[in-house]
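Attaching a single structure in structure tokens format; questions to follow.
Think of it as A, B, C and D in the order they're written, each chain with its own count starting at 1.
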Amino acid sequence: MVLCEKPLGRNAAEAKTMVDAVEKAGVPNSVWYNYRRVPAVTLIKQLVDEGRLGRIFHYRAQFLQDWTISKDLPQGGEGLWRLDVNVAGSGVTGDLLAHCIDTALWLNGPITEVSAMTETFITERKHTLTGKTEPVGIDDASAFLCRFQNGSLALFEATRYARGHKALYTLEINGEHASARWDLHDLHRLQWFDHKDEGQVRGWRSVHITDGDHPYMKHWWVPGLQIGYEHTFTHQFADFLQAASQGKSCSPTFRDGLATDYVTDAVLASATNRQWESVRT
Amino acid sequence: MVLCEKPLGRNAAEAKTMVDAVEKAGVPNSVWYNYRRVPAVTLIKQLVDEGRLGRIFHYRAQFLQDWTISKDLPQGGEGLWRLDVNVAGSGVTGDLLAHCIDTALWLNGPITEVSAMTETFITERKHTLTGKTEPVGIDDASAFLCRFQNGSLALFEATRYARGHKALYTLEINGEHASARWDLHDLHRLQWFDHKDEGQVRGWRSVHITDGDHPYMKHWWVPGLQIGYEHTFTHQFADFLQAASQGKSCSPTFRDGLATDYVTDAVLASATNRQWESVRT
Amino acid sequence: MVLCEKPLGRNAAEAKTMVDAVEKAGVPNSVWYNYRRVPAVTLIKQLVDEGRLGRIFHYRAQFLQDWTISKDLPQGGEGLWRLDVNVAGSGVTGDLLAHCIDTALWLNGPITEVSAMTETFITERKHTLTGKTEPVGIDDASAFLCRFQNGSLALFEATRYARGHKALYTLEINGEHASARWDLHDLHRLQWFDHKDEGQVRGWRSVHITDGDHPYMKHWWVPGLQIGYEHTFTHQFADFLQAASQGKSCSPTFRDGLATDYVTDAVLASATNRQWESVRT
Amino acid sequence: MVLCEKPLGRNAAEAKTMVDAVEKAGVPNSVWYNYRRVPAVTLIKQLVDEGRLGRIFHYRAQFLQDWTISKDLPQGGEGLWRLDVNVAGSGVTGDLLAHCIDTALWLNGPITEVSAMTETFITERKHTLTGKTEPVGIDDASAFLCRFQNGSLALFEATRYARGHKALYTLEINGEHASARWDLHDLHRLQWFDHKDEGQVRGWRSVHITDGDHPYMKHWWVPGLQIGYEHTFTHQFADFLQAASQGKSCSPTFRDGLATDYVTDAVLASATNRQWESVRT
């Protein structure tokens, strides 16, 4: 049984080899897209699946950081391998957008086509291992428009140059009847709007996801007492062990991870060739 | 017909004379406790009156400012008469707490008894008119515990020494079934919690009070476009003219204003004699 | 002297005729892109111009509404001309994105190229004037990626199908040293992040734009008391009269309005031909 | 070495015995007032100790819950011993206010006198152990005004009847130069206002307490990734072990716990005799 850090491969070709291997071997597998196990995000999945939102019109996600703005930050080595394209494969596309895409595919189904742009704001950095100033091969920022198979439109953006944001992963989904929002900086809260609420007192609800009937929360503290980032891994690991004990894989599987790589490949291709790109399935 | 700035008198004795005069004369009257006409506050009144909150357990209000913290600020004269006890009658008790009390009496009924404390943090200030340093006679801060006739408990606080707050009037009312919150710094929003909402998605709703079916709002802009502070006066003036055209007074009447003075008198007495004080009715 | 509602023309060709006319006539002119006169937005302009943000990396704006989601809403006629393409010229691109673009050009300089997508979710509606069901010619949603001349990247989105949002115009600009955010639902607040703040207490500041030294605010209430939507028009009208009294035009001029139409034309073209489009200047 | 759950005793007399015992035995000791180890609260302590706030004018705290509103909830037994006065000693005074008081004494020094009120809203409940309906001896709500030795004024309130609040412990401290706020529902955030900030961009900062230079946080995740409720216990246990390894006690000691019991005793006495009560030291 195999648990793999995300993204599954540095590109879809690598990931495909891995999928083929685990599926041939028939071993339970899962990829660490841990945000599916944030209780608030898991609850959004339930609400979507129950049809509470109705027809989906819009999806938007962003993952904003600011830790690489300084040009004095070197690339490569232990803490900075994410800046070395040979190790990381890409920049924020594989590191941050991949998270946004995995959640989106889970909540809103397949993406059919993308139009993307990427940018490298700081084009040369000293390399920790060689000691020399070398070109930066990663994308510092990446954004794309896309269409989902269900007819909804979406915008995605990730960057490490959004001053003021540490790890602000946000997502929002707008349906005919209801909408949901979530962000990583307050991961224990769900923002929920239900148009069926009576008009005069209709508004976005800030739901503190700490009750026993919220996903995963019966295992933790009493209402009002939040959990932290690592609990998302705990949840996934528990689910993985539960599934593995029955010889099954656990969502997201390697195949799910490959689907995300197909999207990130399309994003990087579109950014290069300046065309809309279809996403492989 | 008479519209009077609040508080009605510098104390209840003064106010009583005024009530007697207008009632004897039989002229339409009203006092400028303008916060009753903030649409969000008016909506809370409707929700309370409809029984949406059920039995009331708690009320709390505060009015926090920070503009008099400097000891170099003089007292008296045009812009600073609020610091001169001979002109103002009291400090924040009559200036700020009076607003909190008027709204509370309207929303939650009579207050029966209070236990209060007041403080003057800066005890001497130069007087603008005399040019001399003189004792400060007003209360810089005032707070009290109280019980309402309906059995609920409450805390009130006003101060001009809460660094960081410009004019933060906040109120909250907690009932058996629902609760409401409002604050002046975002006067166009109502915070509403309804326990009848389905558990998993139950939370405080932030209601943007800008729809045509919100109190007074059919006369203003389209949904999403907020109004400002002065509109509360516009609403009261419109209501006053409407009432006066029928020979009637408009809430809050001089008699309502007297009720607030009875409470502020009790607050100041309690702060002096360190006893619980009953409120006259 | 001429004040024109926005957008200046239904397309750049119409707008160009108008620019030529006013410039030939030499009359003071202005276009009602009123959001430049929201004090918080005006303050962002000052902060950008003072170089507080440093090099700009990112800009993002959205204008989200939900009032046309019902398929039973007709098109055309007095209240619904915005849904009739022959009257409105376009849908949300000209109605909502145009506002976002005007502010962005003012704060962040020229846009050089765009990649866009648009969608019409409800393709037929009864026409109020003819009584017949007719095709809907407007765009219900419009989004685009773009690059600014200063090297920054941006995402823009407007829609009338974002359930839960009444008129949520938001903008954010991220610079090397600082970032600013603003949204129309709380138009009296500025969100400001300054990286020069001491690390342990560094965070987004919520600035209540109601002080006498904030743009336009010395003419209004005391600190803590907010203004409303209409004040933005009051500010622009005051500036216009002031400028006109000296024979000058007032920002945004007809020529500024034309610049926005060049962008919206590029957006609509890109959405049709699925290519990146350069923006005329 | 002894770690004791809070409150130290059901009253000060019990607590005094415990203090005498541990001090006589000379064993390292600590009381589980875990909120001192919320990183945001620990940071407030640092800021206060550094003199950043200057002279303190105000302190306010509340602990609001709503889980006992139903009259069908029994008292006594495993999950409900908090409702049985013979086991709990008091109601929210010892359970919730004690937390507020411990933090306040730590941040703001000794409390000298209090004026309090308490209430039992539901006066009879079935007892789980006896099966009979019995009088409820605990206080459902408790509130008090007080003065600190440093001249500041404060309000404290705790209740289990504030509909909509799960475990909302909030505190705020207002000084001459700066103010700080914190609440348990978003325990990873500090609200900080510094009057020395430049006027036009002065506002409350929302500080995401997840950086390596924040108290305790170098041991946890990277910036932007929050911790949960249990980490406050982890921090205290680590500090306790560290102190114990040197034969020392760890804050809050049993003696600190006794100081809180002196305040809660005064609160309960004041609520009964309707007088201001001095706090023993």
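The rule is short, and it goes like this: a residue touches a chain if its C-beta (ideal position, glycine included) is under 8 Å from a C-beta of that chain, and two chains touch if they have at least 3 such contacts.
Keep in mind that what you see is a predicted model, and the values were worked out from it rather than measured.
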{"item": "Most distant chain from chain C, judged by the mean position of its C-alpha atoms", "value": "D"}
{"item": "Selected interface, A-B versus A-C, where C-beta contact pairs are more numerous", "value": "A-C"}
{"item": "Mean-CA-position distance for chain C and chain A (Å)", "value": "30"}
{"item": "Averaged-CA centre spacing for the pair chain D and chain A, given as whole angstrom", "value": "38"}
{"item": "Inter-centroid spacing, chain B versus chain A (mean Cα positions, whole Å)", "value": "48"}
{"item": "Residues within chain B bordering two or more other chains", "value": "165, 204, 208, 211"}
{"item": "Residues of chain A that touch chain D when the two form their complex", "value": "65, 67, 165-168, 184-189, 208, 210-211, 220-231"}
{"item": "Chain B contact footprint on chain A (complex, rising order)", "value": "43, 47, 190, 192, 194, 197, 199-208, 211, 213-214"}
{"item": "Interfacial residue positions of chain A with respect to chain C in the complex", "value": "53, 57-58, 60, 62, 66, 69, 115-117, 119, 121, 141, 143-145, 147, 151, 153, 155, 157, 159, 161-165, 174-179, 193, 195, 204, 274-276"}
